[in-house]
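One chain, chain A, links the two complexes that follow: it is found with chain B in the first and with chain C in the second.
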Partner chain A sequence: MRLERRLWRALGLALLVAVAFLWATPFLWTLVASFRPEGAGSVNMASLAPDTPQTLDNFRNALESGAFGLYYVNTIIVVLGLLAVQCVTVSLAGYAFARLRFPGRDALFYVFLLQLMLVPPALIVPNLRTVVDLGLYDTLPGVMAPYFASAFGTFLMRQTFLALPRDFEEAAAIDGAPWWAIVWYVLLPMAQPGLVAFAIVSVTAHWNEFLWPLMVINDPAKHTLTIGLAAFTRGAEGGKEWGVLAAGTLLVMAPLAVVFVAFQRRFVDSFVFSGVKG
Partner chain B sequence: MSLAGTTFEGIESGAAAEARPRRRRRLRGRLFPYALLAPSLLFLGLFTYLPVVRVVVESLYDRPHGTGAVAATFVGLGNYSKVLADPAFRQAALNNLVYALGTLIPTLVLALAFALAVQRSNRLSAVLRTVFFFPSLVPLVAAASLFFFIFLPGVGLLDYYLAKIGINGPNWLGDSDVALWSVIGLTVWKNAGYYMLFYIAGLQNIPRDTIEAALIDGANAWQRLRYVILPALLPTTSFVVVIALINLLTSVDHVIVLTHGGPSNATNLLLYYIFQSAHENFEIGKAAAATLLSVVVLLAISLASMRIMGRGSHHEA
Partner chain C sequence: MSAISRIAIGALVLSAAALALPAAAQTKIEFFFPVPVEGKLAREMTRLVKSYNDSQKEVEVTAVYTGGYDDTKLKAQAAAKAGKPPAVVLMSANFNVDLKLSGDIMSLEPLLKGEETTRTEFLADFWPALHANAVVDGELYAVPFHNSTPLLYFNVDHFKEAGLDPSKPPRTWAELVDAAKKLTKRDGDKIERYGFSMPAGYDYLGWLMEALSMSNGGRYFNEEYGGEVYYDQPSMLGAARFVDDLIFKHKVMPQGVVEAGGVSTSFFAGKASMVLLSTGSLSFIRESMKSPYNVAFVPRNVRNAVPIGGASLVMFNGQSEDSKKAGWKFIKWISSTDTLGGWSRFTGYFAPRKSSYETAAMKEFIAKNPDAKVALDQLPYAKPWFATYQTVAVRKALEDEIQAVMNGKKKPDQAVKDAQKKADELMRPYVEQTALKLP
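Let's turn to the complex of A and B:
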């Protein structure tokens, strides 16, 4: 009986590891293929066995033909610029919902809620017209604008502020500190875990975003990484340069992957906390 | 007169001067919460509410490409009947239904299976959790680029290894009977690990006593899953279903990179249809009508879920 159970357990574990291997295969291939010399022939391009000697040629080709350096800069501008604005909007709104009483508070809460249902990607067509009307077409702020307000971030900051004790702010208020000083010097430092959780979700979502920037940006000099990669994929397809394609894809994925490995727990907690990307 | 008046006024204005700032301060205090909400409300108005109004209006007009609003003619529900009669739209709606259900069910099953398998905190579980979660961290475009090679006929990863065990794979993206299922396969791979996180969190919220009680009662593994764990995970499941459905209706990056909706519309999805109508065919009225239809679907999903989740959920969206 006990032997049988142990056997089942071993079998289950073997199956689990096999599935995990299958799950990791696309990434394993990317790693192996991106360091594969071009001469290896396209017949064995799919092989998962690493080659000797390895080469950095694919990365060199990808960087030369893909202008990835520029795409990195544009993506970083979008992601960080957006995050900066969002931190202000969600902190202020979260503070109002958590600490102030005012007529219409519940109704306004529902006004925010709608954004969780009608996520911006569903509204690309009318939003593009709005961006054009605002004169933001073909600009990086145009890519960011629909996300400046974040219902998810507001709710997350509200939850975070609600969980904080009021003693500190009351002490600061008695000392005559203005509201912004209380938020900036007292509340936000304590709310840091909430902000970090929001930052992780926001940065990941917008680093990875594709369809909206594709619609807003026309000028190749303003392309983000994902638009660059999509164009690059078409090019690699034509030239059958699979090693270069793997290298380019790795370049796009690498920064988030590195940050993830470094802050794994934080990432996982943030995503569980979030539910909705935004 | 003027002197007396001045004095009199002076006295009064002295009192008023004290009262006015107080009143102003009170007014400012009353407006203060709204001022804090104003930046968010401004952008919500511009990019969540205005677009809905816009699509309602635009869907009622026919506006040829390249002309201003002046040239628009009112067509009533004409755009809706045009969209609903469009075989491409019908195909996209049907595809989206198949895609949503075909992705949702295996994704949920795998997410739960992964969660059950890696919930314990040991080294192996931690590594496996990372492996399963990792695909949800990469851009959908990057996943599509990788699967472009994986699905490549003949020399691609899938065909290469299938050939080693003697299987001749179909043309994964070129065969109109297979292509949508290839896209579904990619999406399951991409999303299962993300929803696994919610199931892990959900499993941790089940009181240990409940499971131990079932153990003492002699319930086997299947019975524990069926009668204890699954019912306890119901709030998690309904939450995951909603965010998964919204995701399946609003991301088409992989379709754009891999198939362009082809072959012969086999992988066309609603949002891709909208994107195509607006961005490639410049049929604003049609795109607006299709957008509004998908907005209605999105709202219906969310409202239905709020009903269900209103009966007690531990997740705050």
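Let's turn to the complex of A and C:
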């Protein structure tokens, strides 16, 4: 009996490992290829087995082809600056749509959601015009501006607020707390999982974004990581230097991967133990 | 007012004027450039532009890296629509017709006139094959910067091993099929090495199909008028059947769509013996290929003919007079004999100016790298690059159909018919304008 259970367990584990391996293959390949010497790279380029000797040349080449230090700083400014503004806008807008009563509230909310249906490339020219008019062309705030009011974030926060019981707010209101104190001291702490989930989506999306920063930024000193990476990947007529490409990709995705691994527990926790029972 | 304060004011005005003078004289412009081959080209371009900025005081150019060819077009057009037109853009040479018809790029004729020269005089030093892609509706719109043609690369060791003479690479389609059969290595049903391979991703495939249909006597498109393509014609049908046969009848070419990176990688790895790739890849292949290789003309069925590829310099509408002057000055410097020669040696593209090949540095380079000479020898057979109204969409109409053939989902006869139908639909607005809405 116990043996059978163990067998099933082992089988399940094997299946999980197999799926995990399949899922991790692209990452493994990137890792292996980025340390592969250039000559061997083309012959065994698809192989997952690491070559000996390993080399750091690919990373050197990748780093030399752009000011990566600067790209990191720019990307971090864009991603974190944007997130800071978004946290304010989406929680306030979410609160308004969830709790305040005003005529046309729900209609307005659905109109607001409509922007999720538009494909981003269709908005490039109108957004660029606005950015030029605001004097933000070729600046990092110009990269962030169109995302300040996130429809997705507002939706997420509205749903999170709606799921919270009103008792807490009412208790605070009875004690004489103004609306902003209710939002800040009562609602936001309970809505933290929603904010964290939104932060993950926002940071990943804008870290990886290519087209919009490319449109807004001209000054090479203001380029973001993805534009630096494009120098390896957008070659049309040439061959591919797989090693450099892999090294460049690794450089771009490493910080996000590290952050995810470091805070993995925290992310999962915030989803699971929200402290609020519906 | 005391004399002292008057002197002080005078000095102040003078020094302000002195400060203002150099600032007013220098025009700042932006130059958008894509990187079509490798990352190190971006560094080289930045270095070039810096050396230009250091060499003179009137113009300061900011070199802006703008992704691939398509990204560059998107960015330049969006910037122009938002009121920030770039002064100079390095644009894929076959976008010029499209950009002229949409009113984005400016005619360079007034600038030529300002220097009392003519289009014919200006273009005289450029290879004749490049003229058609630089001139739209009788006016100069672009200055060729770096150019390419397709080339047949082959593995010398494989040739020897298969009993073929590497000094006599295939010149005709029949010889190509024959050689590819001998070069293909089979293990039962499995193919270990393909005799022939070619990139079939977007852009590349359209370009190579142009090469094949023109080598088959065809014309591919009307180089004088942007509303006609010749897809449903015997020349293109023959090219499509040739590709179909290589894959399914002779089984010497991989089935399905292989991108350029995959083709060059399989060539380096010895998994493909002959490949069609751009001359623009020459430097990259020279550096990466470990076993001996050589290059040859694209094999013909009826005649030798290849399309031009590459990029040219264009200027956008909507900029100030000062910016125009500065942009033109920069274009003249960056398209000078020496700059173009140096860029050609660095990248592997051929230089669009004939005079670049008269320089000592170039003669020495070609003596050292005979493969660069083959690319040059093929130039007299070069023809203009496909450029129409809605170039990209019209090109994709053919590429989608040929990809279906390569995947075994369609037969060539049907594919070229469908491609023609789709292309005609796309070009209809422009065609109707020319055919029906006459003044």
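We take it that the second predicted complex is superposed on the first by the 205 of 278 C-alpha atoms of A that agree within 3 Å, B and C clash if a C-alpha of one lies under 4 Å from a C-alpha of the other, contacts with A are read in each partner's own complex, and residues count from 1 in each chain.
In the analysis below, contacts are C-beta pairs under 8 Å (C-beta built on N, C-alpha and C of every residue); 3 or more make two chains touch, one makes a residue touch a chain.
This is a predicted model, so every value here is computed, not measured.
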Q: Mind working out whether A:174 is in touch with chain B, chain C, both or neither, as first, second, both or neither?
A: neither
Q. Which chain makes contact with more of the residues of chain A, chain B or else chain C?
A. B
Q: Please work out whether A:128 is in contact with chain B alone, chain C alone, both, or neither, and reply first, second, both or neither.
A: both
Q: With the two complexes superposed on chain A, say which partner A:64 touches: chain B (first), chain C (second), both, or neither.
A: second
Q) What is the contact status of A:137 with respect to chain B (first) and chain C (second): first, second, both, or neither? A) second
Q) Given the touch rule stated above, what does A:241 touch, chain B (first), chain C (second), both, or neither? A) second
Q: Based on the superposed arrangement, let me know which partner A:215 touches: chain B (first), chain C (second), both, or neither?
A: both
Q) Given the touch rule stated above, what does A:262 touch, chain B (first), chain C (second), both, or neither? A) neither
Q: May I ask you to decide whether A:89 touches chain B, chain C, both, or neither, giving the answer as first, second, both or neither?
A: first
Q | Touched partner set for A:120, first chain B, second chain C, both or neither | A | first
Q: Report, in rising order, the residues of chain A that make contact with chain B in one complex and with chain C in the other.
A: 42-45, 124-125, 128-129, 210-211, 214-215, 230, 232, 237, 242, 248
Q: Would you pull the chain A residues touching chain B in the complex into a rising list?
A: 12, 16-17, 20, 23-27, 29-30, 33, 42-47, 88-90, 92-93, 95-96, 100, 102, 105, 108, 111-112, 114-130, 145-146, 148-152, 154-155, 159, 179, 204, 207-211, 214-215, 225-226, 229-230, 232-233, 237, 242, 245-246, 248-249, 252-253, 256-257, 260-261, 264, 267-268, 271-272, 275-276
Q) Along chain A, where are the residues that touch chain C in the complex? A) 38-39, 42-45, 61-62, 64-66, 124-125, 128-129, 131-132, 137, 210-211, 214-215, 218-220, 223, 227, 230-232, 234-242, 244, 248
Q. If you look only at chain B, which of its residues touch chain A in the complex?
A. 30, 32-34, 36-37, 39-44, 46-52, 54-55, 58, 117-118, 128-135, 137-150, 152, 155-157, 159-161, 189, 193-194, 197-198, 200-201, 239, 243, 246, 249-253, 256-257, 271, 274-275, 278-279, 284, 287-288, 291, 294-295, 298-299, 301-302, 315-317
Q. Touching chain A in the complex: which residues of chain C?
A. 30, 34-40, 42-43, 46, 62-69, 71, 74-75, 78-79, 81-84, 148, 203-204, 260-261, 264-265, 268-270, 277-278, 280-281, 284-285, 288, 290, 309
